[in-house]
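The first chain written gets the first letter, and so on, giving A, B, C and D; residue counts start at 1 in each chain.
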Amino acid sequence: MTSPTPTALPALDAAKLREDFPILHQQVNGHPLVYLDSGATSQRPLPVLDAERDFLEHANAAVHRGAHTLAAEATELFEDARATVAGFVGARPEHLVWTSGATMGLNLVAYSIGNASAGAGAPASARLALRPGDEIVTTAIEHHANLLPWQELAARTGAVLRHIPAHDDGTLDMDAAADLIGQRTRIVAFTHVSNVLGIVNPAADLVALARRVGALTVMDACQSAPHLPLDLPALGVDLAVFSGHKMLGPYGVGGLYGRSDVLEAMPPFLTGGSMITTVTLERAEYLPPPQRFEAGTQPIGPAIGLAAAVRYLDAVGLDRIHAHEGMLAERMRAGLAEIPGIRLLGDAPGAERVGLWSFDVEGVHAHDAGQFLDARGIAVRVGHHCAAPLHARYGVTASVRASTALHNTLDDVDALLDAASGIRPYFGV
Amino acid sequence: MSDLDALYRELILDHWKHPQHFGLAEEQADSGHSGTSHQRNPVCGDEITLRAFVDGETVTDVQWEGRGCSISQASASMLSDLVAEEGLSRAETVTLIEGFREALRSRGQLELDEDVYGDAAALSGVSKFSARVKCAMLAWVALEDAIAKA
Amino acid sequence: MTSPTPTALPALDAAKLREDFPILHQQVNGHPLVYLDSGATSQRPLPVLDAERDFLEHANAAVHRGAHTLAAEATELFEDARATVAGFVGARPEHLVWTSGATMGLNLVAYSIGNASAGAGAPASARLALRPGDEIVTTAIEHHANLLPWQELAARTGAVLRHIPAHDDGTLDMDAAADLIGQRTRIVAFTHVSNVLGIVNPAADLVALARRVGALTVMDACQSAPHLPLDLPALGVDLAVFSGHKMLGPYGVGGLYGRSDVLEAMPPFLTGGSMITTVTLERAEYLPPPQRFEAGTQPIGPAIGLAAAVRYLDAVGLDRIHAHEGMLAERMRAGLAEIPGIRLLGDAPGAERVGLWSFDVEGVHAHDAGQFLDARGIAVRVGHHCAAPLHARYGVTASVRASTALHNTLDDVDALLDAASGIRPYFGV
Amino acid sequence: MSDLDALYRELILDHWKHPQHFGLAEEQADSGHSGTSHQRNPVCGDEITLRAFVDGETVTDVQWEGRGCSISQASASMLSDLVAEEGLSRAETVTLIEGFREALRSRGQLELDEDVYGDAAALSGVSKFSARVKCAMLAWVALEDAIAKA
């Protein structure tokens, strides 16, 4: 484990943070809830719940389109939220497009490029256009959200989709990547952290490979944004997405980060109100980014909630969160590896990780294993976690995933380990 | 009995470990007398291929193959036992499936009658676990489909 | 005014309902807030705020993909919400697709048809495909959200976009509609109620014209859903959209209603998690509707909030709401028409309406008029309300719009009228 | 003075009703000595076309046409007056515009200096009304653009 442990900082006090999360204080099936499913959706601390509610009780109004006092106040709060969330990933407000979530952000990018390929957009859009034979490179470990939009884009444009393979230990095969990313490559789309493996991928190296051939980089930051310090401009990716609900924020909001020149070149995707300069019955002209990509009423309350969420994360400190969750992951690995019949997916020695492990229980289906854990109040996810090809790679259809957040304690991990050791005995295998 | 034990009855674990009517005989590819259905649970990737043999109006045999959780496997095994041994008619089988669906969707309100459902009555406990209802239903949906095709 | 006034029902008590809306109890610029901007976004009553918060504090989890107790509970609440919201518009749960809002819903339809036109989807999708020369008919009074997606679809497919004109009084020219909707017409997209005019359009007649030629009907129900009883299957439209935030519900959620055979035939739009049956690195197969159109994590909390909103609307009664708002509209019209220099847009005698009026103040720009009203605590919307072509039709670029909801009282209307009479004197025109 | 009166100063209403430098002379289409900019506020559809005349480094005249609210019209009028009468250099004009932008975005914190901004100093009150800042800025953004083109 090479997670940076900033010794200068005192470790975070997860037991204390827990108090901010109302949902954690309940019994499930007669046991205290141990929530190890933040990888699916995170729980919300009080400051997030309160920020959205305060807004709705005192300042709610549609933004950007009104002169009345509430509308002006709401617009300021909404644009402040943009600046806050952009700042959280090291970016400027004009580089952050609101979306409804990461899936939407990735579809936005793929469809916009599809539209450019069909001749839409400004002259600058031509450089994004795909032609038959052009290549889109993604990886063998992606969430469906960062795979299917590219399959569809390839089908629409005649581009070819290729995949960077993974080693057995879950790390990407960077030699293969260097071979795959070539002159025909126009887009390199990869996840920063896989939602199954938890390994932090070498984003900077992938960006360097893509830059060498002038390909656009698209990074899925869903599973890294809430868990480690992120500076997207420094990382050099062209575009990146994240989801509010996975980073202590509300449902229904997410972010698409983009470099100016890239966003500038992208034709609109969704069309409708608030993204135009002029409209006649026959045609419309569109605003510059980010508004160009924000058709219709935006998720105003959720955006304000997400700003509160990143302020909360920032106040705790992403370095400390990363170190804390790394420590939990370490303990989890050590414990799980000792349980007979449990196989960890992506157990790469020394890899930088977030606090997440997926595993297979020999002879017991993931659903049954998850049910057993749930009976002890432990909430884990079971299934293919929207990464079916990755599971096929490991010869399984489903796995059990335990994923942590800043509020998880070593007690939570120990509860998991204790229960997990009982799975195979219970099912008599 | 804990909730978990009410779900994973002895009988269920038995069928899971010793699935009945498992295996599709290769030589008996679909004829006018049989229908095959493939069903899949998209959440977990579990799947089943089930073949029903029908003679006139009578369901004479059921064979299946598949992979999945203990509930889905046991359910397929119990269902095959039940239908193959009783020599039910198409109509009776459809009624049986409907009754099973209703009980499983009842959120613990309805119990399956052991006289009618045999070993499969042990699946009553699943209805309290809404996320597992699909697992138990998989084979039954497949049989419904296979009969319609036969 | 032909709004049905169900004399059997006692009128609703708006003053009492007001108490449920925390935001209304404040002073703005030294005056009690008079919120007449529900057409832009509605305010949320406590049961809506509480439903979402309760869910987040007690049952929040990602749905459909987990076996643990919270996930099972969240899935049930989420699917119950679908049934509730579908029922609100007379539909069955499987006919309701969650969206992030009406703009998204209309784009979903237009892009799905675009994908069908490019050869995507099942064999049944071919009947949705557009060919060059096919016609899409919309109206001259649409919100940009129900205009631009069709402009873009026409541009992508070579279809021709045509517009049903409006009379000076704001009603649609149905003679022209009967002429326009012909053998080439494949899609008829219209708004149930214009967000500028407030007139209830003859939806059933438009559906009949479209049916005659086998064209698909798409209805924008944003401005009708919260204001009058709606039975979409009875109305016979193929597809319809609405936005949660305009019907007392949360931001970030909306509904797309569709008839089974139409949804069945539509290829996917957004792709990602939770809408697939099988995925390999090369290709994916998709679930039936509604899941086929629900890629990625859905707005779970907002959907549960929206269910609470429609329960609230239903408890008050849509007939009563329609009658109450019709009464407010009547008083508003009478008062505004008397103020020298005020011109009402869409003042059709006897037309069925919702409680909304837009007007022009001679010699005073809408921004200035709105500012003046705001100084008296009255929140109205100014601008083109995302309906620029409609404003051009009336020879103005902007108007002032006062729009009501069930919590507005006659006192609110009188405050508007009193202030409005002061606008031109203040600016000395 | 009420907040509203602080926004709609006498001077603003005057300029609105009697706009200065209004009208683009047709014969003077763009030459090397002038630049024209068209700006639009997408929210309300307000627009302005503004032409700046530059002689060497000196801005010699400004003409404009447009429609919009009293703030946007008065602001254009005041700006034209100011620039045309002072004979400012390009650089000075740019500095002027930057100062104006800063004051208007200050949310009521900064006052415009009457000695520098002339009548346009009356627009200080706009900065408290964030939704109206764009209205007041419209002509200034157009001038910035027009000078760059001249």
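Heads up, the rule we're going with is that a residue touches a chain if its C-beta (ideal position, glycine included) is under 8 Å from a C-beta of that chain, and two chains touch if they have at least 3 such contacts.
In this text, all values refer to a predicted model and were calculated from it rather than measured experimentally.
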**Centroid distance [mean C-alpha coordinates] between subunit C and subunit A, Å** = 31
**Prompt:** Measuring from the mean C-alpha position of subunit B to the mean C-alpha position of subunit C, what distance in angstrom results?
**Reply:** 45
**Between subunit B and subunit A, distance of the C-alpha-averaged centres to the nearest whole Å** = 39
**Complete:** By the touch definition above, subunit C meets two or more other chains at residues 29, 65-68, 71, 276, 278, 367, 371, 382-383, 388
**Item:** Touching two or more other chains - residues of subunit B
**Value:** 43, 45, 129, 132
**Message:** Is the chain-to-chain touch network here best called a line, a ring, a star, complete, or other?
**Reply:** other
**Request:** Give every touching pair of chains, nothing left out.
**Result:** A-B, A-C, A-D, B-C, C-D
**Of all residues in subunit C, those that touch subunit A in their complex** = 22-23, 26, 28-29, 33, 35, 37, 40-41, 43-44, 49, 53, 56-62, 65-71, 100-104, 106-107, 111, 118, 120, 140, 143-145, 147-149, 151-152, 155-156, 161, 163, 243, 245, 250-253, 268, 270-274, 276, 278-284, 295-302, 367, 370-371, 373-374, 378-383, 385-386, 388-389, 392
**Message:** Applying the document's contact rule, which stretches of subunit D touch subunit A when the two form their complex?
**Reply:** 40, 42-43, 129-132
**Asked** Which bits of subunit A are touching subunit B when the two form their complex?
**Response** 29, 364-368, 371-372, 375, 382-384, 388, 391, 397-398, 426-428
**Item:** Complex contact set, residues of subunit D against subunit C
**Value:** 2-4, 7-8, 13, 17, 43-46, 67-71, 129, 132, 135
**Item:** subunit D contact footprint on subunit A (complex, rising order)
**Value:** 64-68, 71-72, 75-76, 276-278, 287
